[in-house]
Every structure is written in C-alpha cells, then in structure tokens.
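Take a look at the structure set out below.
Chain nomenclature is as follows: A, B, C and D, assigned in order of appearance, with residue numbering initiated at 1 for each chain independently.
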Amino acid sequence: MKNIKIAYIGGGSKAWARVFMKDLALAEDLSGEIALYDIDLPAAELNRRIGERINAHPNTISKWDYKVYPEIGTALDGADFVICSILPGTFDEMEGDVHLPEEYGIYQSVGDTVGPGGVLRAMRTVPIYEGFAREIKAHCPDAWVINLTNPMTACTKTLYDVFPEIKAFGCCHEVFHAQEFLSCAVHELMGVPRPHRSEIIIDACGVNHFTWITEANYKGTDLLKILPEFIDKFYEQGYCEHVGSQPQEFRDNPFRYGNKVKMDLFRRFGVLAAAGDRHLVEFLNNSWYIKDKADAESWLFHLTTVAYRKQDRLDKIAQSQRIADGEEQIDVSHSDEEVVELMKALLGLIPPKVSNANVVNVGQMPQLPLGSVVETNCVFAHNSLKPVTSKPLPNDVNALVLRNAINIENTYYGIKERDLNRIFEAFINQPLCSSLTVAQGKELFNKMLAATEAYLKDFYPSTRL
Amino acid sequence: MKNIKIAYIGGGSKAWARVFMKDLALAEDLSGEIALYDIDLPAAELNRRIGERINAHPNTISKWDYKVYPEIGTALDGADFVICSILPGTFDEMEGDVHLPEEYGIYQSVGDTVGPGGVLRAMRTVPIYEGFAREIKAHCPDAWVINLTNPMTACTKTLYDVFPEIKAFGCCHEVFHAQEFLSCAVHELMGVPRPHRSEIIIDACGVNHFTWITEANYKGTDLLKILPEFIDKFYEQGYCEHVGSQPQEFRDNPFRYGNKVKMDLFRRFGVLAAAGDRHLVEFLNNSWYIKDKADAESWLFHLTTVAYRKQDRLDKIAQSQRIADGEEQIDVSHSDEEVVELMKALLGLIPPKVSNANVVNVGQMPQLPLGSVVETNCVFAHNSLKPVTSKPLPNDVNALVLRNAINIENTYYGIKERDLNRIFEAFINQPLCSSLTVAQGKELFNKMLAATEAYLKDFYPSTRL
Amino acid sequence: MKNIKIAYIGGGSKAWARVFMKDLALAEDLSGEIALYDIDLPAAELNRRIGERINAHPNTISKWDYKVYPEIGTALDGADFVICSILPGTFDEMEGDVHLPEEYGIYQSVGDTVGPGGVLRAMRTVPIYEGFAREIKAHCPDAWVINLTNPMTACTKTLYDVFPEIKAFGCCHEVFHAQEFLSCAVHELMGVPRPHRSEIIIDACGVNHFTWITEANYKGTDLLKILPEFIDKFYEQGYCEHVGSQPQEFRDNPFRYGNKVKMDLFRRFGVLAAAGDRHLVEFLNNSWYIKDKADAESWLFHLTTVAYRKQDRLDKIAQSQRIADGEEQIDVSHSDEEVVELMKALLGLIPPKVSNANVVNVGQMPQLPLGSVVETNCVFAHNSLKPVTSKPLPNDVNALVLRNAINIENTYYGIKERDLNRIFEAFINQPLCSSLTVAQGKELFNKMLAATEAYLKDFYPSTRL
Amino acid sequence: MKNIKIAYIGGGSKAWARVFMKDLALAEDLSGEIALYDIDLPAAELNRRIGERINAHPNTISKWDYKVYPEIGTALDGADFVICSILPGTFDEMEGDVHLPEEYGIYQSVGDTVGPGGVLRAMRTVPIYEGFAREIKAHCPDAWVINLTNPMTACTKTLYDVFPEIKAFGCCHEVFHAQEFLSCAVHELMGVPRPHRSEIIIDACGVNHFTWITEANYKGTDLLKILPEFIDKFYEQGYCEHVGSQPQEFRDNPFRYGNKVKMDLFRRFGVLAAAGDRHLVEFLNNSWYIKDKADAESWLFHLTTVAYRKQDRLDKIAQSQRIADGEEQIDVSHSDEEVVELMKALLGLIPPKVSNANVVNVGQMPQLPLGSVVETNCVFAHNSLKPVTSKPLPNDVNALVLRNAINIENTYYGIKERDLNRIFEAFINQPLCSSLTVAQGKELFNKMLAATEAYLKDFYPSTRL
C-alpha cells in the first residue's frame, strides 16, 4: 500500500472535499496523510472531523491521517499531491460578478469562467494562485498539483507561469456530463440501458467549459452520426442527462438545463459542446442565447442566482456540521469522480489512463496558442501526464474557441501586470459584453471593481480604471 | 529600357487605371505593352483611347503599346505583370451589401472588406478570382500579380490557394494615409513643414484595412511617443491628413474623416491603426463606434452611401470619355501611388525597397495563422518579395485582429466549399453583427443573398440558407 | 461478431503472415474475409492454403474466408483494413544494398532502414508504395492501412504524401524488445519473475528503429533510475532479452545481440534506445560502433549477411509448404504481436489502447519537422488514431535523431522527384557513410544503382549519377 | 549632429578597432564619446592614443572623445552602442584548439567557429559573454550591442539567453566576400567593370560562416543563372575575389583561397555558400574537403596556422604602436565595413537599410529552430532591427546547416549547464570529427581541455571528462 501525503488547499466550504475523502477511504492501494489547509481554519477543522467519521465507517478500507495546518507551507511540505479547491472571495463578491452586469442588460448563468463575472473572479484568483505556485515551488516542487478552482484556465495558467516546472493539471467533470448526455442518446436510440459514461469514448478539445467533442463512440458506433435523430426527437422539450426528458424535472433545479443550447450548437456546427448549457452561452455573443431572461427560459436553462448559491452553501455547511457531530450518518461509497483514479495512474498503480485535463498547450491543440492552457485528452501514467493530440475543431468552432482563449490569455497577462487598462480591454471584448458601448463598459467595470475591492486592494495599485 | 508586358484586368470603370498609366508614361526605364481586358469591353477600349492621349502628351517619356483583348487568356499570355482591379458585380449589388443591414440596425461606412457587406462581396469575388488564378497559371505562371481589388485579403488568398506557386501580392494605400497623418503630427509638434510620407518610417502589421503601426520614426524621433500630445490637441475637433484640422472641410466629403476613431484607439492601445476610420470601425463590435448613424457623426466619419458612389462613378466615366475624346486635357504627372516603383524593384532596376504588402503569412506575423494573408512590410527586390518579420502587436490589439483574420479565413473556406452554413457562421460572427440574434442574422443573410443572386447563382448550388 | 474485409498485400514469403492469420483465428469478436494479394501469386495461394489449415484447426475460434486475388484493385475493393508487408525486390537486390558498401569499408548489420542500403531500398520501395497509395485511394479510401514494410518511415511517408486523407500507420515491434530488455532488468534487480512487456509502461519517441525510451515504469518504479545498476552488472558480457545473459546463446544467431550498444548509449545519454543494436549502429557515424567487422564482435552484435537471409527464407518457405500440404502441424496460439489488438481498438471493440506507431508528425514530436513520419505513443480508439505528445529527447539525442529524420525526408523527396543528385546528397550524408570521400561515394552509389537496376529502370529516367 | 556614447569592449589587439574609429571620424552626423575597455588596459590606452591621432588628422570630420575605462561597468554606463570584439584567451590557447586535433587526423583551416576548435573556443567565450550580458543589463539595457567576436553564433546566443530583452546582433563580413565573388562573375561574364558589392542584391540564410546565398541579382540579371558558366571557366585554377584568377597570388596568403570549394558546392547544390572556403570546409564531414593537408592544397585553400596568426598580431601591434607614437602616418579614409552605416540606420539618420545580421530566429528561417541564432537579411531602421523572412534552403543544404545549427545550440546549452558530457557529445558530433572513434574523441577532448585549462577552471567544476 502506497503511503503518500496529500495537501488539500481550501475545500472548507464545499461538499467536494467529502466526496474526495470518501473515494480515498475506498482506495485499497493508497494511504497516508491528508493535510488540510484553509484560510477559514474552522472549516478545515470541520473537514478533519468528517475525515475521522469516515475513518470510523465500516466501509472504509484505507484509514487516512487527517491533519489541519494553520500555515500553507507546512501543509505543503513533502506533499506528493496538492489539491487546490478554493472559493476566491465570498459569495458577496460573486454577487457583484454575477448581478451587477444585469443593470446593463448582461445576463450570466454562472459567472465564474468568462464574461464580466469571469474576468473579475480571475482578478481575485490569479494573485492568490501566484502565491500558491510560489509556496509549492518552495515546499513540494515535485508534487502533482490538481486544480479544481474556477476560473480553471487562468488558475492553471498562473501555476505554470509562476513555476514552469510545476506538475499541474486542471480537472473538471463537465466533459463527463456530455458523455452522460451521449449515454442517454445510446439508450434512446439503440434500445439498450444507459451505459456508464466511461464506455462513451470521446475525443475532445477546447478551453475549460468550452470544450468540444469531435469524436464519440460506443462499442464501435459513431455517436455523432446518430445524434441528429436524437436531437430531432428532443430538441423542443429538452433532455437532461440527470433527469431524462421531463422538463418539469430540470426546470426546478437552478443548476440543471435541457441541453437545448447544446443541441442547437450541434445542429449549427456538427460537433458537440461538452459543458452544460449554462456555461456554453457565456462564451458566445450575448445576442445569441442570453439576450435577456426570457432567452434563458426558452432555451431551457437557468440563470443561477448567487442568492441561491448562498442558501445552498448554508445547507451544505449545516450538513457538514451534522456529519462531524455524528448527527447525520455519512455514506462511504464510490463517487463518480475520477481524481483518485488519476492519482493512482500517476503513481503507476494502475495502467495508463486516458482522460481529459487542462494543461499547457505543447502542441496537443495546434489551433490555440502554444503556452495557453487547453483541455484535451491526456495519458496519465507513472509520474507522467502527456496530452494527446486532438482532432482539429471545425473552422467556425475554432473561431469561437480561439476568441475566448485569447481573451483568457489577455485577462491573465493584464492581471499579471496589474494593468487595469489591459484587463478592461479583455473585459469589453468578452462575447457576453458585445452589446456594451465602451463608455458603458467602463462604468460597469468600475462598479464591479468597487464591489470586490476588498479582495483586490492588496494586489493592485488602483482599483479604478 | 526594359521591355515588358503588363496585363491589366478590369480597371474599366475606375480612375485608378488612368493614374497607373500616367505613372508608367513617366517611367523612363520601362516600356512595352499594356494589355487591357475588362468584361465591359467598351470600358477597356475607353482606357486604350486614354492611353493614346497619354502617349501623345508632351510630358510622356515612355510610350506604351495599348491593346484591348476580348479574352482574358490572350491578354495574359506572356505577361510580366498582371494588375487585377475589378468591381465584383455592380453598385446595385453593393447597394444590398451596404444598405440591407441597416434594416437590422447594422451600419457600414464602407461595406467592402468585412462586416455583412464584406462577406457578401467576398462571395461574389472569390469565384471570379479562382478563375483568374487558373488563367494566370495557364498563361503567365511567372508573372508578378498585383491585386488592387477588395476584399483584398480574400482575393489574395484565393490566388495563392488555387495556384500556390503564384507570385502575387495585394497592394493598398491605406497605410500611406497613416503615414500622412503622422506627417501632420510632425508638422504640428516639431514646427517643420509636413515631410513626405516616405520619410515616416514605420513597422506595421495586421490584415488589410486593419493594419497597425507599431513603430514610427521621423529622422530619429519616435513618433508614437509624441503622438499623445498631438491627440490631446486635436481629439475633439478631429484632424484629417488631407485637409488639416478644419472639420468643415472633411465633413462635406463622404470619403473623408476626422481620425477621431484612430486617435481614440491609440489612446486605448498605444499603437496606431493604419487605415481610415471608415474602415477601422467595421472590424470592431458595432456597439463601439457605429451603433447608429449618430455615432458616425460624433466620431467624425461618414457612412458612405452607394448612391454617392454611383454618382461619383458616372462623373468619372464622363470625365474619361471627355479625355478620350480630347475634350478635356489630361495632366501627365507623377501620382503618389507606389505600384510602378514596386514593379521596378521587382525588375531589379532600383535598389531593394521596403513597403507594405498583403501576402501569405510564412512567419512574418507569428500571431496570425500561417497560410492566411497578412499585411506587413516586405522587401521588394529583383524577382523577389520577402516579408519582413513584424513587431508583435500588443495582446489586446492582437485579439481584435486575430478575430477578424479568422473570420476572413472562414469566409474564404466557406466560399471555397460553396457551403452557405459555413459562410453564415462567419457572417454572424462578424463584429459588426454582434447585436444580431441568430434568427435575425439568418433573415438578413438570406435577404442579402437574394439581392446579389445574379452574381452567385452560377457558382453556388443554392442561394438561400 | 464484426464482419470485416482485410486486404493483405504481400506477405507471400514471410512467416509473419502466418502469425497474423493465427491471431485472427483466435479473435473471437472478428470474422470475415482475408484478401490475399502478392506479385508472387503462388505465394499468396500458399498462404490461402495455410489459412485453410488454420480454419480446420481445433483451437480456431473464428474461421476466415481466405481468397487470393490476381489484381491488387479487387483485393482492396471495400477493404476495412489493408496490411502492407512486402519485400521490395529480392534478396539478390538486398545483397547489393548490404554488401557492396563493404568494398568501401562501410559495414551494415541490417541494411534496410538507413545507411547506403536503406537509401537504395527506399529507391525501390517508394515507387511501389506510390502505387499502393493510389490504389487504396481508388478502392478503399476509408480503410485503415497498416504498414509492416521497411524502410518503415519512407513507406508511411509515401502513403500520406500521395493520399493525404489516408488512415495509415506503421507498426513495428522493435520497441517491444526494449520493453523486454527492461523486463529483464526488473527481474534481475527487483527479484521478481520477468513481467510481461505490456506491464512496462513507456514513453518513447524518434524515428522507426531509432526510437528512444524517455520514461519507463513498472508498477510505480522508475526503471531508468535503476538501469545503471543493471548495466554495471551486464555491460561487459552483454544481456539479450531473448536468451538472457549467456553470451554463447546470442552469439550464434545472426539476428541477436548483447545490447552492449544500447547500454553504452544509455550511459552516454541517459535515455534508452528502443531498437536492437543491429539497427541502432546504422543511425550513427560508422566510426562509433561499426568501423569494421571486429567492432561488431566487440560490441556483441552481428552483421547479418544476406546469404543467411536467403537460407532462412528457403527454410521458411519449405516450412510453409509442409504446413500447407499437411506434412507439418500448425500450432494455433496467440503470438506476442499486437496488430490484431490495434485493429480491435480501431473497430471500437475494446477500450482505447496506447501503443507506439509511426505516423505523420502533427505536433507529437515538436523537435522533428511537422509532416515527417515519427514514432511515438498513440491512442487507438474507434476509427481514431491520435498521437500522444512525447517527452522531448535530450538535446544530444535529438541531434542524432533529427539528422537521420532529415536524411530520410530528403531521401524521400529526392525519390519523389526522381532526382539522383538529391538522393545522392542524402546518401553521402548518411552517418554510416561519414568516412567516404565524395568521389568514393559517387562510385559506390553508382555500383549500388547498377546492382538494383532491374527494380529502378521503370521508375527513374536514369540509373546512373 | 547626434551625440552618442559608444562602449568598445575589447579590440585592444586587433586592427579592426582602427578601421572602426576611422569610419566614425568620417561620420559627419555622429559625434560623442568612445569608451574603451579591454582586460589588457595598455591595449585600450594604445587605441585611445590612436584615436587622438585620428582626431588630429585633417580628413577627420567628427572628433570623438576617447576615454579609457579600467572597469567594464563604467565603460558601459549610459552607452548607446556597445561593440564587443574580444579574443577569448590568447593565441596560445588557440594553438590547442587548432593544432591538437591534427594528432588525430583532424585538420582545421580556421578553428574558431565549429569543429573541435570551435567547441573549445566557445567553452572559453560563453562564460565571458554571460558576464557581458549581465553588465549590459545593469549599465545600459537600452543600448544596441554589436558583436564581432567568434564564435559569432554562440556569443550572440549567450547575450540573448542571459538578457532576453537585449538589443543585440552579430555582424560579420563573410557575406560581403560572396558578393565580391559574384561581382567578379559579373565582370568576367558581362564585360563590365566590377560593380561594388552593394550593387549585388542577395538573399541569404544560414548560420554564421555557413550562410547560403539563394538569390543574387545585379541590375535585373539573375546571377545564380550565369554562375555555372563562370564556374566552368575557373573551377580548376580557382578565382579569388581579392586578387582575381591568378593562383600564385592567393596561394601565398594563408587567409586567402581559390573558391574552389564554394564552386564545387554550387555545382552540387545550386546555391552559393557565402563564407570563405576555409570556413566552409569546417562545417562538413572532414572526408569531404579536408581529409588531410593535401586536400587543402588541391582545393586551393590554406590551413591557417596559429604561428602565422601570432606573427601577424605582433606586426599589427607594432604598427599600432608606431601610429600612436606618430612614427607612422594613419590614413583616415572610409573602409568597406558597414557597422557605422548600420548604427546610423538604427539612429534613424538614414533610410532603412537591408543587410545581413545574426539574431535570434523569430521565424525568418523556419527551417532552423526558433530561438537559435541565425544569419539572414534584416531591415535596420530607427531603434529597430527586423529580420527578413528568407527563401528556404534546398533540402540537402538544409540538412547540412541544420546539423551544425543543432550542434551549436547543444554546445551552448552544454556550456551553460557546465556539463562536460553534453559538450563532449556536441564535440564528437562535429562533422570535422566524423572519423574519430568515441574513445579517440574523449582522448582528444581531454587534451584540448588541458591545453586551455587556465581559461576554463574558474567556470567549470572540472576540466576533465
């Protein structure tokens, strides 16, 4: 049994840490220490206590040594893996990111990746990640660093730009949802039960949350060829991979959607956008799918409010508290996440594994700039992550992806140089901001800066354009 | 004296042919035949008669043998140079290009390069240029081909894509205007008379009509460093390189402008866009400088109507007629154009010359796709045109240029494949179309196709999306 | 069970066809037709008869329909897979390739890949493969084409250059031998039985027969780190993966070797050359490991003579005859080859598989020219082969590989243009030819051309420099 | 008149400093300070005194302020230009570089660029240049740095690698000699007096001393087309651009040659190697043109001995002394060098100038690695040096150039890392070392290290492989 140290940075306020700890508890070939660090120390402590509950659970195979560290450096010291999963700022800051643009007719369904909200969030996150990269370089330069924080692309870029020898990748499950969606198509058209997503073999490429599936195969059947029939059947009513084709089911949950945008994009371009519709629309001119609130409704997705997120967070914390206190039983079973599998592959414990990841473009996606962070298939093997060259995107999809990739790069470099003018030009050039005049853009940008000022002022010479 | 054959394709309805013939008449080291071909045969004949008038003029040094050819092949046979300068379709078609989008709130100041008008014009032009490329390959594969037709980038791309060994380049004087503008700044700030534009040494790169000056120098003075002072002085009232800083002068002429957009872009980006403001705004989100007619007015440029072009053309034809008939004297003097100088350099008659040209990107502009057509400095020498590697554009300017370059490539490949869906995606992705919903875009595209159907139907399987 | 057609081009005189047919006989999820074509029609017929024997064998799971075609076109019609495995010319021609250079002090241990023999063999092979590519384009453009013929790189290059949309790859088991060698190291150093080569996970890149292993792992142990100890132990006496460390065993078989060159190169460069020593030395200056016959002996490898090959071939044909006639029992069991597994992956019948293959460089090996054929890991999935980006070679190894890669490209383009001068410059620039003066090189080249003239004269305007 | 500061680093023992000072004395638009620094302080002082003599000369237009600095930092402070022209080590060290390899049958005609001598010289030079780069960064980061020292490529590479923002280029007149050679061809074949080399317009690319002319034109005549006739006439007897076609003239001077190698290479490859034959042969397998001393004789070039160089240096120093003392008159007239012209272009005092220079490859030569230092045409303009994209080399010439370019890169990186094993692999891979066994190579390398140990020991952890 491999004895390792995993440093978990953040994770204090999310249910994801629990999921990860349970998967580790069931990893029979792994054990060691889980070093918990969060700027919210009590949150880390809460996770530790949940860890103890998991250790005590009868299903648990591998008991881990959970430790809370008040300093990031000691948490990282000697780590084999580092998991980064933070909320940059609080939901109060996110409120400005998501809702201030509405005053200018800009609607966002997520607001954490691109668009005005994504830019502001990056402004908060990149300086924090610069620090992480420096700490990792100092304390565990050989560790594998797995990023889970959004904006994924900018976070991963920061890690590599500050510490080029880092062994880091960004890990996101949005591509899984597209595999689930294709699994539904298999079920509906081929008359078989829904196969597990891992049986849907894909090639995909793009930038995180705007990755496109260019090849998809289930046991020798080319799924992109049969998809048109599926879409003809479900385009109007929608089809959600989580709850099937009953609109009333996905209409109630602000994180769900009917995949109508995905289906529409497939009709236009012949390849399948991998992320959920709420993400996809944010990479496109706002006139296309999200001109106003009614658009969201007719395209069968939600504008997830931050108010909803706040309540959701309170619920999750309360649940964590109950679990830690033993008031609620924790269920130790395998999740559908893949991080632990990828770790095993990197340790050489299982055969090489092909999965999608966000890493620096060394040629796996020649259509995007070398050095930018892209999402493609990669081969994970012992101490080795090698991107797989991807099938080129159709020209017109590439136009959309490249525009966003360049915007993300420019946002990043503007932040790196702490240059508000450069950041603003990346802001006003967001597809979601297409309808803004330059004057409106400046006004909105300044309002948004003000709303998140507390998290910027230590890093930027000024917080006003 | 070098004896050469120049095939002039088109030019029947433009004053530009006259300018060129006069420059040739004053080229003491060149003589030979000028082979005139135009689908409007009488127009070619009119040019021939003007040529005879030039031959008879006392200033003329070199008398040329003007011949009209009814077939393009014989016009091209054995040519050393080919000049391509056509109007694709008539101004009736251009009327659809420019004015139909206004029904959807899309305004265009030129409408021949990018934007909805540029796409439709490319649809008419590319198939014609495919024919030119094949004829050149068959009749004069070693000739130097100089393109003057818009859309410049797509025309030049077509020539190279159909006949990769072609020796072609696109030639445009918009960069000269920016040199003139900088010459005005020299005059205003340094207290010297306006130097000739050729004394303003620049580095520039981009795509035609959206080329940016990244270095500019007059006798050792860095002009981009002194430009802010000039702009502070003239931003509000505008400054036209043709008529100085008196707004009333440039407000009357629909081809003129006050350079306020150029100055505003310089303030934002620190580099100088080279083309006239009427071109520049068409490469940017329409919300930025051309949301409506009032925007044009406040930014001191004109929306040139096609009605005005029609009248202007009639005037020029009438003048040509008068000159051919001897009713109006022709003035044989050097123009400010450079084509004849470039020809001399290519013939090895003068030292190598550095000037801007549109050619396939072999690395002179690593930010844009290899194989796309870009505009940069080039060295013209004997039978040799070599692009000069250009100073990289600032990141945020690159974002704007790259988006347009990709759109132009995608427009071209859509046309090459006669695939209206692909062309439409390049159409709806035009910055000028940012405010259109997809449904509106389709409606407008179909209307525009219908308006130019006569020039499409022979080339496309369908003229309706 | 998937019903497919496999066209087998060549294979008439090799035992390899037998191996492949037996693996197919044991593939439970595959069946269909095996279309046999060989310019030596009786040889194809012999294979058919062996196929019938296999069909009749009790172990056989899948009975195939073996058919002999006198024309390549009909053999290819509708094929799903094409296997190309030919001997270009006869062993008489190979005799010139291998032994004529000895008159000039140039020794070759194989003579079919690079070096003077490799160049001449390419001259015979490329024109044949040009024909194959055209036939495949005409008869089965969607087939997956698997090349087994040497020179591997030039054959694969030809297929892609003539028919760029081809789905082809070159397949070679030399990398397996290096995995076996590493498996020996695992056994000797870790005190465990030799693991199967598939458990040795590697990253490798280079050109065929000169591919280098840059990462190797067995269950989490970094094998390149433990290799120095193994080498210290066995450097002097040698160690052959087939027969262990008893020199007398591998000294008798002209295809075997003691891996002393491989070990020496590892000491110099820190990465492990993948092919057998007999191949490796041919990619290096002849003064390094093969200055004369004594060098071969002291480095523990053989100069395989063509006389030996001739006898070996006679033995194999005799055996084939006996099997076909029922005089010798055929043993139907799984081989250690991987081709059938790769076919299954391409059919989507098994999960995606990572294995090394020779394909056009699209960025998987940025150190070598894009468009050249390189060998790296690839992901084989349903109707999809995607190269994996490889760990860069150390600078000094890259110098050696790049030199050969460029030579192979230049040999190919010289042959494509049927330009003996260009081919000669690639010939004289071979590392094995380093000791030749230019005059000697010309003399030798002409002698070698004369020796293989019968197979060149139909393709080249002249067969004398 | 422009007032500038020029820091001259080195130059104490060469006649070149004198030439440069005289050209500056005749530059009517330049004046200022010439800051002299040399580790041999008296040599710098001697140059200062010669400078005073030049200032006093009646031809002198611009009197410069010559100052000697004992520290490099103060010499560089505020400099507008830095000239680097040093002898790395003494001629005693060079004796080892050039003559030790002869014991192993390796002959060198120059020994300062590539080959065993070039590698050892680079080992001495690169660490010195690392220091220069750091000093320039600290004292005059905006200065234009002109390198004249060999090995040119490695020196220029070092400057850029240590200080990437440096504005540096390497300047070499070998290309001029090829223009002179072509000027001879014009004279001999076209019946006109020899034109000045500046009238021979060329495109050239490669690495310094192995640059190839791919286009050459004199007033519209393609010189590469007429060269075969010239070569047929003079191949046997040779033709030296300095002294014409009289062999006895160039046979006496160890720096001269009959261009027979250049002519032979042109016959083989169709393009013209630009440097003198003594340089060219060092980039090629030693079996080609320099297998032994007799080869040099039959190919009409010299193996310049270091003994000759030592005497030559004594003569020049003596002359310098006489000039400084007023015992010998100095002749102040324009040289044929171009450095002062390039400086004027960089100051914006003259129009942009096209000339060859050695700079980092940003795409001007896509056949060679980006980031390596290459020699091509460049446009020199105000504060701007832009490489011109060059015509690609023929495939077979590219094979030769690329091999050397990679060797030079590997030599550089081996030195940067102070890794003797890596340097040795670049050493043994030199074309001139082709005939060495690895054991011989190691022996020779160690002997050469010992011979230059005094200049290595401060920089390398060990001076023995």
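Keep in mind that, in the parts below, contacts are C-beta pairs under 8 Å (C-beta built on N, C-alpha and C of every residue); 3 or more make two chains touch, one makes a residue touch a chain.
What you see is a predicted model; the values in this text were computed from it and never measured.
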Q) Could you give the fewest steps needed to travel from chain B to chain D through chains in contact? A) 1
Q) Which chain's C-alpha centroid is most distant from that of chain A? A) D
Q: Could you tell me the distance, in whole angstrom, between the mean C-alpha positions of chain C and chain D?
A: 45
Q.
With centres defined as the mean C-alpha position, give me the chain A-chain D separation in Å.
A. 55
Q. Which chain C residues sit where two or more other chains touch them?
A. none
Q.
Which pairs of chains touch each other in this structure?
A. A-B, A-C, B-D, C-D
Q.
Taking the touch rule as given, give the residues of chain D at its contact with chain C in the complex, in rising order.
A. 268-269, 285, 287-288, 291, 395-396, 398-400, 402-403, 406-407, 409-410, 413-414, 421-422, 425-426, 429, 434-438
**Q.** Interface residues, chain A side, partner chain C - complex
**A.** 2, 201, 203, 215, 217-222, 347-349, 351-352, 354, 362-364, 366, 377, 379, 381-384, 386-391
